[in-house]
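Next up, some structures in structure tokens.
Below are two complexes that have subunit A in common, paired first with subunit B and then with subunit C.
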Partner chain A sequence: MYGLAMVKGLLVTLKNLTRKPFTIQYPEERAEQHPRFRGEEFVWYEERCTGCASCAKYCPLGIIKIVTSPSETALPQGDKYRLEVFDIELQRCMFCGLCVEACPYDALFMGSGFEQGQYSRQDMVITIDQLRQAEKHPSTWFRPQLEGYAGEPGESRRQPAATEGESRLTYNPRGGPPLGWREVGRESWRWHRREKAGMRLETGPTAPQQTPATGAGGETAGEVPGKDDTIDDMTAGKP
Partner chain B sequence: MNCQLAPDNILYGNGLYRLLYDAAGTLLPCWLAYLAAGLVIIFILVNGVLLGAAVITWTERRLLGRFQNRVGPNRWGPFGLLQPIADLFKLLTKEDLTPAGADRIVFALVPIAMVAPLILMTAVIPFAQNTALASLNVGVLYLLAISSVTTIAIFMAGWSSNNRYAMFGAARAVAVLISYEVPVVLSLLGVVMVAGSMSLGQVVEAQALPFLLVQPLAFFVFLAGMSAELNRTPFDVAEAESEIIAGYHTEYSGIKFALIQAAEFGGVVVVSAIVATLFLGGWSGPLSEYLGWLWFLLKTGVVVFLFIWIRATYPRLRIDQIMAFSWKFLLPLSLINLLAVSLEVFFLRGETGQLTATDLGIMTGINLVLAVAAIAFFGNLIRRRVKFETRRPAQNVVPGVSTIEVS
Partner chain C sequence: MTIRTEPMTVNVGPQHPSTHGVFRVRITFDGEEIVEVEPVFGYLHRGTEKLAEERNYVQIVTLTDRLDYTSSMINNQAYCLAVEKLLGVEPPPRAKYLRTLTAELQRIASHLIAVGFFVQELGALGTPLMYGFRSRERILELFEMLCGARITVSYMRPGGVFADAPREFWPALDRFLSDFPGEFAEMEQLLLENEILMVRTRGVSPLPPEIAVNSSVSGPVLRASGVNWDWRKQEPYDAYDAVEFDVPVGANWDNYDRFWVRMQEVHQSLRIINQCVAQIEPGPVRLDLPLVLRPAAGREAYGRVEASKGELGFYLVSDGGIAPYRCKIRSPSLINLTVIEHLLLGWKLADMIVSLGSVDINMGEVDR
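Right, the complex of A and B next:
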């Protein structure tokens, strides 16, 4: 019958009136953020960064500016370049994540924030000091080792989650405390430093190595040869 | 001083006015008391309408939000109740622009010309027993006449803005308003006939059964017509945002826009009050006779909710659909209602020319059936029939090659 459809329409809206609104009231509530969200404020670990400037080269927009100088200690000894400038012009960044993909040492991560609004373009440039001081909540973008990590820093991130889908979602960038440089790498720090010290030329992991007396990151010696490639080793060097 | 208000004065019917007049009369000369009491009542009415408009903005936005599974404005004050005040201050601080080439005087007069009819309409509405400011014996006629003044204000706005979208909006508004005036007037004729009077107070007293039940067709026609006169969805072509910016008030800003907006929402209050008076029994209700204002407010609230509900549900009609709805659907319905009611009144009324509650009951029975039948019949008449044709050519376009249909 004509007119019945109009009454039906009224009933539809009336039914919606009784439903709970699904608005997320942003400043008080937040939507669930995917761990792989490519956010603002890059997470950068100075301890891991060698100053290779791969990130700057791979950025399609050329907005990463890196100035390095040779460190005081000898380079062949494994000490890295000293970074003087590490500017990211965030106002032009398109969050493609190529810089993160390019970093061979897991030193650069996408951030997880989205609230970096500023009143001038100059303020949008992230300087090295800001990168140093920022709370480090890295995103899992291109860093699968972070996935499935839900707990305290130092906990193993390779803990197998119950299902494949879950393993990605248990990690919440903003949920836990900020992560230190030791927790986030794919490889152990020792491997990293050994390679820098020229160990690549050696034949195998069991070969004797000469460790520099003082590491750049302040880590003391005490590696166990042959065991340094494992993940469990990562927490062994914690102060 | 001993002032006496003559019983044939049109203000005599207002109990509050007499009270104020007597109180003022003890201190002031009579003519001054007459004036002072009138000013107090006018103050109450004007602020009542504006406050009502503020409340309606809040209610409408909150309710629309909930209808659409949103929350609505809830940031300022408890439940966002102070939102209208925030809106007001925002609009007050905005620049008051007049477009180049506008007719300045007419342009500036429009907000006044829009608010004034609303406040004039409140003069005859009985908020409770003996509370209409002026118990006019031609109240219904007065309402119809005053509500048409808004048309002129809208056309003034469109014409003086020097903006083609404003002109479009105004032209549409005038077309819609003139078309809907006819069925609205005809539907009210039935009400007047049953009540036997044009005075709103007596219409209320005649409603032993609410006229919503006695004349469902008239209620339907009146509600649809009033929706159109208020420029509300589904009849809001006059200010269709997605088509012509904001229609006739495109060029208005600042306090003028605030007044136009207030007139629009105040219109909802006043029209709801009129519907409650004419069709829902106004202030009459159970319990104490001093609770009339409460019943009146409740009934007005129900009608306001109905308006918002309709707005939340239906999409905007095209202008030709609106015209068809008025002339091919509402007009026949109101004529049928008029015919039925006049016949019923003719046969049912007693020696005194009055209808009893039993008569009204009989009319309810007949008219409800008639309403359903008439709506179904005329609805089928104006329904658009879609013809389905096969689009595939009968024979192959290229001889020897079969046509592949790509849809």
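Right, the complex of A and C next:
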């Protein structure tokens, strides 16, 4: 009775003979890349970076090296450091994107490329000059403002599958022109979470029971009231 | 007259093409029969537990991706559950549903690989495996949409998931849910009642339930041995108490049952996903936790999930610092490997790799 198995198997083979191949021929054709794709070519906006090194502290591998010196210019919103070194050792990077998550000023974005082979390890280190001159094609990883969210959390909830236009990608990192720091926008703090790197747990009506249970940051809770407004003032200047 | 044979020791691995990763096993054969088995671990040891002791609680999420790299989402989930127990917090309901949904998608992907490689080790070179990979690719694309990576997802965070699903995710998930049952039915037509497969695997390497329970085996291997034990049912975490599903249990304890249980679990996973999609409500997806978590000193927690390979647990001890004092990982693949001697002794050389494939080990998780 081995014959029946053979016939059944061959039926599946026949079905697949008439189908289009599922694979694509990579260098000529390219797969659709999703806007959240975490890739190489970190996008860094020097205008926003204060040199706080949150990204370097939050990197699980410690591959970001930042050297700063105090700057003489006092900006209206506060002072910032002058950056001398901003090295990202790309050969050890695992593209987890935690540096982007940690950045409190939306100065660092994940890139969207994946084709940066180099012949030597030294070339794999992204220096500050490369970061300055690179074409900025930021990924939307942890930057929901690029995804065009309507605003409130949960707004991007389940959409009916019938609408064809919705299934189209809204933002294509590789397709469009490079984005400047004014275009990429700021993440509104109302969308996600009220605190980012460097800030402690806030005791408010949104998170009533966490502080006693965690013991996390209880000692500095309530230190940052009204921080939200300051940040919104900073975003007010964007076009 | 009988031919006198001498026992012969053969070294399989650590880079034998048909083993799962860098697994090495020293086997002594008497003729074609296996008389001695000695597995050798440690070729992929990266010291994950030690690395976790010097990273903060969110950074460890990236390490868990690399344990069982065919089911990263479930690893994330297990770790995040452990940290949430440690902190005494609970994620928002939408995050629970998103976690359940992605974990079940990942379970399908993992089982497709397991089944594909199991059949490949029987000699079906490539074809069923590639059918499995074709469907798995769709799942990985969904993951890329969700979190920007396909394998090393790092999607979940203590206190929820890192961000809500993007708009285009839901139509894409619907397309997957409408296409996949057809693709999987094709695989079932090819494999499930296939005589060649049944002749090779029926009754081969049975694992009695007593030995399975005594060896702490878990997951599909345990259920194939006739024990109805699934942590999703026994101790529902995330949204599993809100969904309905069955636990397939094998009756013959053999290689075929281990394969069959995985095929059935894919159907149950699909059921869970469909219910999640129907039940999910809008809302926040992440708790307002600080980026650097500091659980109270002296607290300890064990978070466990039913991973695609068995019970995956993280045992965390806090000393009040930003990194855990100790992070013990109970990986299902390692514990499931301990019964390999029972499975192999007395069976033939040709069944060895098949039995190994039916246990579905992943060396990233065995050696950690």
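As a convention for this text, the second predicted complex is superposed on the first by the 151 of 239 C-alpha atoms of A that agree within 3 Å, B and C clash if a C-alpha of one lies under 4 Å from a C-alpha of the other, contacts with A are read in each partner's own complex, and residues count from 1 in each chain.
Simple rule for what comes next: a contact is a pair of C-beta atoms (placed from the backbone, for glycine too) under 8 Å apart; a residue touches a chain by one contact, two chains touch by 3 or more.
Computed from a predicted structure; not experimentally measured.
Asks: Of subunit B and subunit C, which one touches more of subunit A's residues?
Replies: C
Asks: Taking the superposition on A as described, I'd like to know which of subunit B and subunit C A:Val67 touches: first, second, both or neither.
Replies: neither
Asks: Is A:Phe22 contacted by the first partner subunit B, the second partner subunit C, both or neither?
Replies: both
Asks: Could you say whether A:Leu14 touches subunit B, subunit C, both of them, or neither, answering first, second, both or neither?
Replies: In the superposition, A:Leu14 contacts subunit B only.
Asks: A:Val125 in the overlay: touching subunit B, subunit C, both, or neither? Say first, second, both or neither.
Replies: Touch status of A:Val125: no partner.
Asks: Between subunit B and subunit C, whom does A:Cys52 touch in the aligned arrangement: first, second, both, or neither?
Replies: Neither subunit B nor subunit C is touched by A:Cys52.
Asks: Which of the two partners, first being subunit B and second being subunit C, lies in contact with A:Ala134: first, second, both, or neither?
Replies: Neither subunit B nor subunit C is touched by A:Ala134.
Asks: Indicate the residue numbers of subunit A shared between its subunit B interface and its subunit C interface, in ascending order.
Replies: On subunit A, the residues that contact subunit B in one structure and subunit C in the other are 1-2, 9, 12-13, 22.
Asks: Using the touch definition from the top, list the residues of subunit B that touch subunit A in their complex.
Replies: Residues 63, 65-71, 309-310, 312-314, 375-376, 379-380, 383 of subunit B touch subunit A in their complex.
Asks: Which positions of subunit A touch subunit B when the two form their complex?
Replies: 1-3, 6, 9-10, 12-14, 16-17, 19, 21-23, 25
Asks: Could you please specify the touching residues of subunit C with respect to subunit A in the complex?
Replies: Result: residues 55, 58-59, 62-63, 87-89, 94, 127, 134, 137, 141, 144-149, 152, 154, 162-168, 170-172, 174-175, 186, 189-190, 193-197, 277, 280-291, 293-296, 320 of subunit C touch subunit A.
Asks: For the complex, which residues does subunit A have touching subunit C?
Replies: 1-2, 4-5, 8-9, 11-13, 15, 22, 34-38, 58, 60, 94-98, 101-102, 110, 139-142, 144, 147, 153-159, 161, 163, 166-170, 192-197, 199-202, 206-207, 209-210, 213-217
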